[in-house]
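Each of the two complexes below includes chain A, the first together with chain B, the second together with chain C.
Showing the complex of A and B:
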């Protein structure tokens, strides 16, 4: 169809008067995009791959020496890096699970005839539209032990959210859940409203109870779209930086991307940090692949 | 043993009344077909019996106890939907087993019953497939299997074969009948197809605009329609209905369907049976097979011209010109060789129906 729609230029058009052909116009749109992608995405990707095999430091003028897989070996044998990965994994699990439970729950509540449904949905989506940095700064105030509204509302006195090493990671996760549950809610809502009503009627006739209906009808039918939400949120949570960086500086909240940032721009171990970035990339791709495999299996029917 | 009873059931959608004072008794093991045009309230009535719709007034009784306030799951009624409503993410086996698993039947018992019902419906080799890989007829079999597997008190079917093509419909019709004979469960079946209704039903319930029009066996409904709506809704081709003028000619009466026609002869006893309708406000109805057609002039036959001939193989439907109007007659095939031919016809008095023009009610005249 697209090729059919591409007709001869109108001889009166400006492009025609300038002597532009369809091909020229097509290239005028595509070439800048491709150039941008190559310069800002693909080139750095390959360039950093090269650096990951060297001892390059961006802070000095010393030439980069090729060190082979030494960076990777050092990183994978470093117990501190593994602690960072463990923190990240804990954060991903808590945060994504929280978002799915809250988001899917709210979607279930909204998936019925209620007054002001559109308005409520829009308002619930607001956190998602804020900037990460703004959310981080706001929640820092909300969590404040002396004047924060959270302690006041929950009657927790001077409970330390962010300076308590055991609590800080959960505090970051709670903020992330607050911010991104609406995303899961939105996708779940789309999935839920796509489940045909007559299937629920059939289940009622078949004498299925509400829990049985939920686990055997609702959940399996929403699973593919819920899976997509989970893939997105897992990837994002794995890379999380701003929220954790702004909210606290506890060693227990040093997720892998904060470690990467420190390694690259505070310790200036450029080569090493490139290697770490590659390890992260491989992990994210691997985790996402597991989900995508599962998603395809779910979608098969 | 399941009797279903509707007593004074009323239902509104907003200001629109969709069921108007419905009263109906359904005996155990009976096959009831609800027949009517779309939007006549038949599906709503069915869904109300199933518990998928609430009713505003009246009682629904199953085996003598009122169930209108119970959830569907507590009424123990199975239903087959027009859209089949198979669970798309489950195999045929899981679909049929669903009602058993949902009520925590032991899996050995469930397995036995699923395989038994699959055998009855001849879908044993489809058990591992998903609904998306089934043909329409097989989907319907699975939907029926899912309804039958738990031996419900009653079966409700909402146009279950409406979505299938003609040949398959005929096949499934026979199959549903066979199953009903075998299982003997009380069945309520909704359709807008009168052939389906006639062929399946023990009794037909005809509805129009939320009002029950007539309840009766297929023969009663066809042979003695209680009003004009039933008369014209049941039967194909549609019954001929025309305003009738009655002329007394001493030994017999003539009924004119049109000022210009020569009039059809009826026995004189008709006059006394019309309850004063002879003067006016009378409609006469006669099915195409109630028009007797002959090539030769006979006593009581009037000459009419054939205008349209519809050959249907087993018989022809011939439109005969009566004054400015038309009546349709059923003749053996090829009886009237071509359009324009004159034939002689009369109305068989035994097959004529008389209705009051105002109320549309049958006068109950049987000659």
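Showing the complex of A and C:
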């Protein structure tokens, strides 16, 4: 850690007259941020780690009793929690796969001379900048079985999206794909534009087919950046809360964050929810680790 | 690049352009639908087939800002004629404007929530960008033992699921009386944006040549003077881009606001969905609220267009 230790200066010295030493400046610039994050992120997590070993309920005044690992055992043996994890996994796969296909596909289309390319790209990026909760809410109207424009545009009649237990998760994923494909597109475009043109020319001279060119030149060179997009979106989809919470209340869309929210703030099983939070936390930190490795890898290039 | 284009290449290009147009229209359709619904009379918001052509009106925006209740009986002719134009709009929708004992018009919950969003987003942005810029400079210019680990630690705080952080914060805020306060939300958003701001600003500051400051130091500037007079002016674009990003993230945030606030400090994202609650929602009013809420972000997105890639990759990918 950045140490606070510094050498005392003679007040008459030239260094003292020249203002703060580099070491002082470094510490004064860095330590507040680290301290802020420790106080408001790490300390609360230690606090909840403590509670995860108790039967504490924030809705009562009853003192917390130490129960050891009972909460963790109960959670890991609870088939309903595993179902929530399974729903989350399905959601992650459908929504990230959709975003990669749509996002990378559109990037391939855009990676050529197109009139108003800059404007079109910015317009396409708009969905990801908007509030998930607020825009997500409006998709309720778009999905409405009687007067939603989605059913009308696709000629689906009175097809049920959100109130159909089998369809609701896909509906949430479709909205997520709409919002976040632009993110994959943005990163893919950066990757595609960095592929040296002479490689394509060489491939053309060698009479390489389009498939060969794609799999042997384009994809390997875009892969690192595409991986960043995929890992980041996987992590975000794993944590997803806003969209699914706002769009439906089906048990089939109860992703793990929603289960955690209900456990903590509706059922007030505070101790148990802290334990579940820790299980999630470990998973997220693991994904973050992989993500940062890729970020640094791309940075070095 | 090969100058000669075969006929099939030209055809491929044309097909791609058409496909791009189709995709753009599909992607913008939901946003267009929000914007157009915000200007529709209520009975045209939910029609089959959907109404595309209509005479726009600002009724939904008037209703958005006024507290209204269902009309029990129609207003008399005199009442109706004595009412100002905006009150007539409300009468036309089968509702009346709620007034307090002294006859003052009551506002709906929307303006307050909008103001809360603005206060919380602006203050947390200033704090996050201010602290983030200093820290980024510290990491960029000085030797820090275990620099990579510290930067990883900073970024990992950003990746924590909001609900996970919210549980202990809720309990701690309860002790300190910070639930449903602006300060409580500002602290959370500052912490959330701080890591983002450090990473993004470090990228921008790394790009400013060290020689600029060294020249200033030789000229007799102190390190602090060099930072404020040489580095900061060079970093202005980066600071502005980072600030706009932080503002948008705080402005859009939902989960913390849902858990930590309920009235006094509630921001717009949890408030807007809560209007749908009971009965048949008036989608024109919801659309109007959504439209006003999205408008600043849409404008900022255009201003940020050249920095989106950088921001979205935490500064790792620069064009």
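Following the convention adopted for this analysis, the second predicted complex is superposed on the first by the 252 of 301 C-alpha atoms of A that agree within 3 Å, B and C clash if a C-alpha of one lies under 4 Å from a C-alpha of the other, contacts with A are read in each partner's own complex, and residues count from 1 in each chain.
Definition applied: a residue touches a chain if its C-beta (ideal position, glycine included) is under 8 Å from a C-beta of that chain, and two chains touch if they have at least 3 such contacts.
Here the structure is a predicted model, which is why all the values come from computation and not from measurement.
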Chain B versus chain C as contact partner of A:207, first or second or both or neither: first
Per-residue touch tally on chain A - higher for chain B or for chain C: C
Chain B versus chain C as contact partner of A:274, first or second or both or neither: second
Which superposed partner A:288 touches (first chain B, second chain C, both, neither): second
First, second, both or neither for A:66, with chain B first and chain C second: neither
Touched partner set for A:114, first chain B, second chain C, both or neither: second
First (chain B), second (chain C), both or neither touched by A:215: neither
Overlap of the chain B and chain C footprints on chain A, listed as residue numbers: 201, 204
Partner chain A, residues of chain C touching it in the complex: 1-2, 13, 16-17, 19-20, 23-24, 27-31, 33-34, 37, 46-50, 131-132, 134-135, 137-139, 141-142, 144-146, 148, 150, 152-157, 159-172, 174, 187-188, 190-191, 194-195, 198, 222-225, 227, 248, 251-255, 259, 268-270, 272-273, 276, 283, 286-287, 290, 293-294, 297-298, 300-302, 305, 308-309, 312-314, 316-317, 319
Interface residues, chain A side, partner chain B - complex: 196, 198-199, 201-209, 212, 216-217, 220-221, 301
Of chain A, residues touching chain C in the complex: 1-2, 18-20, 22-23, 25-26, 28-30, 32-34, 36-37, 40-42, 44-45, 47-48, 51, 58, 106, 109-110, 112-115, 118, 120-135, 137-142, 144, 146-147, 149, 152, 178, 182-183, 186-187, 189-190, 197, 201, 204, 225, 228, 235, 239, 241-242, 246, 257, 260-261, 264-265, 270, 273-274, 277, 280-281, 284-285, 287-289, 291-292, 295-296, 298-299
Chain A partner contacts - residues on chain B that touch it in the complex: 50-52, 71-73, 76-79, 81, 83, 85-89, 98-99, 102-103, 130, 132, 146-147, 150
